[in-house]
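Shared between the two complexes below is subunit A, which has subunit B as its partner in the first and subunit C in the second.
== the complex of A and B ==
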């Protein structure tokens, strides 16, 4: 059995799926890639048992073949070959020889039927979204996911579909980010799944800014994204996401409009002298003016004043500056809107025009 | 680590097996099972068979896995994504907190095959105190479809907080006839009753002993033991010799000889011996020792067994056991 391909054709797919392979595996076979050859199309699969990535590429070969090869070694070999290299993969029983010009490598294999692939999804739900919309939904919220929280249902991103609207929500208990998009999905489709943190990070690397349609399939145990020639599958978090609607404040009576860029820069400067662990900054709102105050345990101080639009009563409130900067980084409009009520209530941040993405940040007592 | 894939429960485990399968059929399978019982009863085998049964797509009416479906294929290859073993990195070492944390962190994910997610902790008593504590939250309230099996021969070592969160399944010694029948099927007809006696009735332990080399070693060491008692050989040299084999095995033998000596001294017609083949020799050794000393030696041997898992110089341990035997002799003659 012989497969002929080139470095140019095979390296990118290999590297793409190879990213999923963990450096330290619980099972030896997880260090391998699964290769399935079906009529000149080579399907490459990698998994770490939490996520699985498959991608296909065209090769010159005949017949059908299932085999596994050590991922890291195969990728390193292909990468180290000269750019115009033609790669011949010869498969004879337990041994695989890779020949390219004067170079010759013999690799060991493990049986393909032992590879723990995720069976084709018997999807209970499926829908399509434009790739750039999905990318935006993830990028606008994923930074607020919890990390190794005992409340395991927070260590992921909630994907919710309701009344034709697709929505993502992430929270770590101190802040919450939610973003929504009207994607003309069948109105009767209703679903809520929590996608684990690792899958979201992989997905955000994988998604590009195109208008291609991404088919998403959801079953009770898995979610699968068909992105161009790549199929990305992840397990789900088996839990119930908290009722995020109750967290979003509705009775805020004070509205602040600020220039996003100016505020972000001011926050970044002030944050230098905030407490490195708690990152607290004091906000003093007075009529059309905001004063930022930070000090650290060494008694160093930062103070900054900026112009805003604000008509309400004077208000002093503390926030974790990192949370605010992360929100300002993902908002896109020139002006942003902060909605507050008092120094013990959370703050709602939106961009000035639409409210597609909303962010809630809990205050700090300083 | 490669698993021997034999999914049928052992003959003396039928009742336990049926009990578990009944709870499964009535949808009342516990989320955590604590398998206890002496070494060599096949607790691990039972756990493996149970895991295979739960992960099989079409088990038979007895609950035994089919061996043909995708789940069974992956189990045989040892790559089933929904079965995890938590074991010490090296035998005899502790199961650390990192191993447990790694498991609990991913426990909230859904199963890959859509059925049970099974984790087997073996031996559960090897968990360090902090590892056991980090398991408590998950053990108390795992997400649906999680099934945790803890295996231990010493449930008393586990914290009460772990024990109280599990359904206890205590495996018992099989009847002598059942065990002998099974053992003769495994190793042929030789010496089954002696082997079973040596293994205190535990069939898998008896099978491990069914090695002519091991049996010959036992006779040789017993001879050395007798020679020390008679003052014919140097206990330090014997101790050096004894450190060359598995110390827990040798200590077990040593303790069993002393026990048999005591039994025979009390009742020369005693039938219930651990070493029935060495009756005469043990009887004569017993005669030359006083009761008080015999009890003392047995206590020392048991102390040494408990101390085995700690960092201990084995040469010194054997010396401290054997030297008193010959000192007594010197004391009497001098």
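== the complex of A and C ==
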């Protein structure tokens, strides 16, 4: 059997699903991609048992076929071919030959019937959201997810729907990011699921700035996103996300307005001489002025002073500078608002105008 | 100034403490360790037991075969630690430059003490006299110009020995020694020396360095050659002490169930945490050790964001390591847990946690302090934290 395609047609779908394939697998077949040919449509699937991505592309072929091919090698071969290359995939029993012009590659296969696929989910809930909204919700929060924390439920992103509002929350215990959007979702729909870190990272690569509608289906153990011609499925983390509302401070009595770009640049410069391990920086707020101080174990020192809008009492507080920079990177307005109370309490950061995205950072005792 | 290093080593420490405390055992062979009929090894054997060829680390079944009539006792670590602390306090009064090697062994920097106490023999006698007088235990003391000679000297005339090796006596002292007395001689190196026909220090000294280097590699050859010539460091590092606290247990029969394993881990974690708190240490690395049927041994470690001496944190980390460490699914023979990498809880910047209430941390500290006080008063393990059975249900998606 023969499939004819081009580099232009197949490389993008291959690379898209290829990100799901782990470098080291627990099962040999997880290094492979599953290819299903149905008339002229080729469906490509990759999985690591936690996340599954399926996408399809049109090819020239006849009949039906199910095979698996080593993902890394197939992608590397297609990428290395000249841009205008026509690719012939010849399948004869256990051997698959890829021929393009003078190049010829013979690849091994594994039986398609052994490929683990996540069963079509019997969704208990479904809703639609514009692609660009979903993208923004993820991008504004996902950097705060924990990584390999023993509190396994923090190694993911909380997706919550309540009263027609869709909300994402991420926290690693030191800082928290939350973003919400009114997407005219049925008011009666209420759900709270935790999507694993890896799925979120793949999803953020997949989503584009279009207004296309993304259908999201949720079952007890899985979530599925139908994004254009791609179906992305992930297991859910079975755990209880902490009560994020409780840790968003409501009684801050000190408000600081700062120019986002100026503050970010100052922080970036100061951070150069902060302790590489702890990244601690000392913030000294006085009337309309902020002094930043950092020093490292080599006793080198950085100091910055900038103009802010601040009328409260003097306050000295320490923060991990990376946490602040990451927040300033995703905020979009010219001015931002910091709300503080004392040197042991958390700081709330928002856009100056809206509070669609909110960020909470715990201080550091220096 | 002439450097003097002392090495003090208590004689059959655990067994001697037991003999001291139970006069009936005094002239009997005493073996501290596992009990016969159970799994495990000898932790310490009295000199009367050593006469039967019993030595530490020997499987208990083998010890029992050699001397079925010995007194077999389970170790009482709390008691030994108390005695050990008492002994270290005595040694502290001789010299503050003291490097503990284990509970019953330490190096002492005796340099310059001649003017205070007298010649090395007199310093040695003073150490022995004070320890015997205040604890009723005998110690073997070796004194020499460096660590190697001090250690070899303390081993030279055990038990209750005192050996001083003057710098000019070092060569003469080493010459008749079997090679096995040297430090860092493993089974593989031993094999190489046997093949070369080198069995004593004198033979090693006579061997051409070039051949040793070919056979052992440059570094190892230089090391053994220096030892044979009595060249070693005289530095005593007081801070060195212990690097980790760990506890392990060998099961009577191999364990299959997670519940029993978690139960064992909980007790070990409580022991590790209690000892860390007693010694005012907090470790940032938690290590899990596990040995499966067939002696297949694995260790897994995890670094915490901040150091701990809380049994619940240690248990939580160890349990996560067990569940997510890609370990084989086999019956378990031995399980152990430890903490290491001591860090000052206060000195470094501390990142506050969103979900960690300061009140909760304070009540936590009070809880742990209460457990410690109860233990100090009523004995080890008298008060243990219970378990929340819900946590066992954790499934990782």
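A few notes on this one:
We adopt the following convention: the second predicted complex is superposed on the first by the 365 of 366 C-alpha atoms of A that agree within 3 Å, B and C clash if a C-alpha of one lies under 4 Å from a C-alpha of the other, contacts with A are read in each partner's own complex, and residues count from 1 in each chain.
Rule of thumb we're sticking to: a residue touches a chain if its C-beta (ideal position, glycine included) is under 8 Å from a C-beta of that chain, and two chains touch if they have at least 3 such contacts.
Keep in mind it's a predicted model, so treat the numbers as computed, not measured.
Per the definitions stated earlier, placing subunit B and subunit C onto a shared subunit A by superposition produces a clash between them. Judged by the touch definition given at the top, the superposed model places A:27 against subunit B, while subunit C stays out of reach. In the superposition on chain A, A:237 contacts both subunit B and subunit C. Of the two partner chains placed around the shared chain by superposition, neither subunit B nor subunit C is touched by A:254.
When the two complexes are overlaid on their common chain A, residue A:114 makes contact with subunit B while staying clear of subunit C. Touch criterion met: A:50 reaches subunit B and subunit C at once. Judged by the touch definition given at the top, the superposed model places A:174 against subunit C, while subunit B stays out of reach.
Of the two partner chains placed around the shared chain by superposition, subunit B and subunit C are both touched by A:150. Applying the stated contact rule after C-alpha superposition, one finds that A:275 touches subunit C and leaves subunit B untouched.
In the superposed model, A:125 makes contact with neither subunit B nor subunit C. Overlap of the subunit B and subunit C interfaces on subunit A: residues 50, 150, 152, 196, 221, 235-238.
The part of subunit B that touches subunit A in the complex is made up of residues 70, 73-74, 77-81, 84, 105-114, 137, 143-145. Chain contact summary for the complex, subunit C toward subunit A: residues 316-317, 320, 348-356, 358, 394-397.
On the side of subunit A, the complex with subunit B involves touching residues 26-27, 29, 49-50, 111, 113-116, 118-119, 148, 150, 152-153, 155, 196, 219-222, 235-239. Within the complex formed with subunit C, the subunit A residues making contact are 50, 150, 152, 171, 173-176, 196, 221, 235-238, 242, 247, 275, 278, 280, 318, 320, 344, 346, 360, 362-366.
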